[in-house]
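Same chain, two partners: subunit A is paired with subunit B first, then with subunit C.
Up next is the complex of A and B:
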């Protein structure tokens, strides 16, 4: 069985799917310079408008259900990817009370989010994954494989992460947090923007007229360092090769690559090397994190939706924020490119050297 | 629902009221610098991997609370208006333990980390079964909880054992007359997030090494 992405929706700092794509093509970053999280410094962050992460998830999930061919999710598996789970709420209680006493342990971890959706929408079952910044990309990997082996007909993949003090201050402590809007692949880039998002994709075994196929998935581990990518780019190359092979495609079949492109010195250097090695300077590459920031565990799902939109709109996204290309051996467009886009590769890389690549196509 | 048959080729489980003290870190990780950075979950995983004689291949790791100690350190730093330690932050992600395992064993294969609350070990088993089915390879399936942090008594209402883990190596086989559903043999006092995997290890110890699992 093939896996088709039939419906999707998201909420991020730029708004919903339609608003995000407008911002992507207009090169309008939705990153704000924040002064509340850090004591003596500013941070470029991707903040979305919402009440709680739970209401945001419910709203996005309801929209996907309404646009789908399903009456409910009773015959649908939920696979949710997140890196912080219920941390936002637990942090708030802990900082207010300086104690764990009033924290509900069931609302701390990843299942705080998936249990809420399971209860609200009565999915047939739910699983939550957490591999840091590849969490929802890996949720898509499992979804494709479960459809392939005919274990499920319908799977809703969610990528969810809300902003937390732990992540903003954590990335700041690693000296990789930018104090302004991030500039992926730029020679003068100065780091990433932590951001938040909720993204949902309904994957089904039946093709519809507007379907985008999840054609291939690939993953690898660097086995090199907990936070720094392997400088030889072997892990990134392996995950991309695995995904393209799984899709039964060749390098030349890929029309556009939505890069991980966090704008940290290390990631962009190594990812550029991997892209240069595999694609030389032929294939268009850009990172939409210049608009959304890095939505951590939600990034794979957010960028899967961007990839589907690129295919449907036949329009390659330009690189926002780029002034001087660091690696001149890759093809990063500065303006939107109108062309038939048949296949898109999307990369997600995470702490621990966890690499995941996905191929979407028609 | 699709069910597949698995053969368990090796298995191990450990649990301790406060701290597991036989993890043989010095033998398993001779490099002191690396050893000092390991989290408790990583040390337990390295021990279980050694007991199961697994070093390279696909890994599915499960933990409901994962690196609770590092997360608590970060939260206390923020509370005290200090910057978190970069090491604590890098070690706070849920895939820390399998990432250290792969780093130490130079294992470049896929890692999936499951965190499904009290359903974690059954979800980990299902995911490992899928990975074994799709790849045709042996898969290391492991679930660990290490929650022995300062003031844990303020929040712990779910386990008598603050450190515990279970692991198996599986491969897909054709169903035979020996293939059994997972028995409900609860290990008293162990956190529910590990129970199903503990049961599979107990079955293996009792000579039942073929299980059926629903994907």
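Up next is the complex of A and C:
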């Protein structure tokens, strides 16, 4: 059984799907330099406009339902990927009261977000995946596999992460935060921008006229180091190869790669090596994190939507923020490229060498 | 859906007295620094499984837990928001779900997919469904680690899990190695994606001959005098049944919906 992405919507620092794609093609980064989270330092962050993460999720989910062929989600499975779950709300209460006493435990654990949506929209079932920055990419992997075995006809995949002190301070303590708008693949890149987003994709076993197929999925585990990728890029290469093979395609069939491209020294170096090894200098590659920042557990879903839009618009995104390409053996465009885009590969890599690659196509 | 169990391992803090950190260092010669108690527990269970059966680098790893590592959440929040200190680097790293699965994958030499899946109900059964769909495609084997750490104090986890205050939480880790092939299997486990109503469950159980076990949430169907609890308990109950060579049915309940696991021993 094939898995088709029939409807989607997102909310990120650049706005909704349409606004994000406009920013991507216009190379207008939506990253702001912020002083809220760090005492004596600044950080480039991707902040979105919303009331609470729960209301933002509800709005995005409602939009997807409204645009779909479903009357409700009662026969739909929810799979939600998040790296910190309801931590944002937990922090707010703790910060105000210095105590866990008044924290509603059901609103801060990893599955608090999926439980909220389960209750609000009466999904037939829900589950949450947490593999840090690959969380929602792995939710898409699971959705494809569950459709493969005909366990469900409709699956809503969500990627959700809200900005919180734990993540901003945590990445700061790892010395990987940039104090300006990040510049993926640039020789002078100085780190990533932590960001937030809510993204939802409805995956169904029936093709529609506007469907994009989730053709292939691949995953691998470096098991090399807790925070650094394997410098030989073996894990990243394996996950991309697995996804392309799963899609029954060859390297030459991939028209564009939406890279993980966080703009950290370690990620971009290893991902570039993996891309150079597999694709040499042929396939177009860019990272839209220069616009959105790194939305952590939501990134896989956000970039899945970007991948679908690239296919539909027949327009390859340029690399925002790039001045001097670090690895000159990969093909990173500086302007939008008009071309027929049949297949897109999207990468998500996470701590612990948890690698996931997805192939979308028509 | 049908999965064959090649082998298993079990640890429960209310039944086994083990200094896990010391055992990991002395018996298994593993690095334990910078890791939380939750990670130690997960890695320890993996070593118990490795003692019994070979693990292939291409095996997939699935980890599941009801609420992960609550202690590290409390600790990091206390540092940042109460004591106004910077977050400690390894608290941040250990806060993330796939940190635990990384350490388990590394200690078992697994390079296949690794997934940390969490849900506060049907935790174990949901992960079995994910694992099955993955194996169905890859035709490899998979290791499932079901782990719960009793937090200190228990109050928050009791509230999350919706259990009574007089029910004590137990730390436990249970592993199974699953395959789609029956060769060398100890048992076969059957399950599906559907949920059953109370009335449907009564009908199913009326015609059942195997011994029935259930969670403390199944009071409408079973007398259960269990005073200890952990969310991934079905995994431990299945392991105990395999140890005793018993065929069993395990039922779980959430929000008046029931799910069933059927275990049949093959040895």
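Heads up, the rule we're going with is that the second predicted complex is superposed on the first by the 362 of 362 C-alpha atoms of A that agree within 3 Å, B and C clash if a C-alpha of one lies under 4 Å from a C-alpha of the other, contacts with A are read in each partner's own complex, and residues count from 1 in each chain.
One rule holds for everything that comes next: a contact is a pair of C-beta atoms (placed from the backbone, for glycine too) under 8 Å apart; a residue touches a chain by one contact, two chains touch by 3 or more.
These figures come from a predicted structure and were not determined experimentally.
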{"item": "Combined model on subunit A: subunit C and subunit B, fit or clash", "value": "clash"}
{"item": "Contacts of A:223 with subunit B and subunit C, given as first, second, both or neither", "value": "both"}
{"item": "Intersection of subunit A interface sets (partners subunit B, subunit C)", "value": "83, 87, 91, 94-95, 98, 100, 103, 105-106, 108-111, 114-115, 126-132, 138, 141-142, 145-146, 148-149, 151-152, 165-166, 169-171, 173-174, 219-223, 226-227, 235, 238, 350-354"}
{"item": "Interface residues, subunit A side, partner subunit C - complex", "value": "83-84, 87, 90-91, 94-95, 98, 100, 103, 105-106, 108-111, 114-115, 125-132, 134-135, 138, 141-142, 145-146, 148-149, 151-152, 165-166, 169-171, 173-174, 219-223, 226-227, 235, 238, 246, 350-354"}
{"item": "Footprint of subunit A on subunit C - complex, ascending", "value": "1, 61, 67-68, 70, 73-74, 76-77, 80-82, 86-89, 92-93, 95-99, 101-103, 105-106, 109-120, 122, 126, 129-130, 132-134, 136-137, 156-157, 159-160, 193, 195"}
{"item": "In the complex with subunit A, residue positions of subunit B that touch it", "value": "1-2, 37, 64-66, 71, 74-75, 77-79, 81, 83-86, 88-96, 98-100, 102-103, 105-120, 123, 126-127, 130-131, 133-134, 151-152, 154-158, 215"}
{"item": "In the complex with subunit B, residue positions of subunit A that touch it", "value": "39, 83, 85, 87, 91, 94-95, 98-101, 103, 105-106, 108-112, 114-115, 126-132, 138, 141-142, 145-146, 148-152, 165-166, 169-175, 219-227, 234-235, 238, 350-354"}
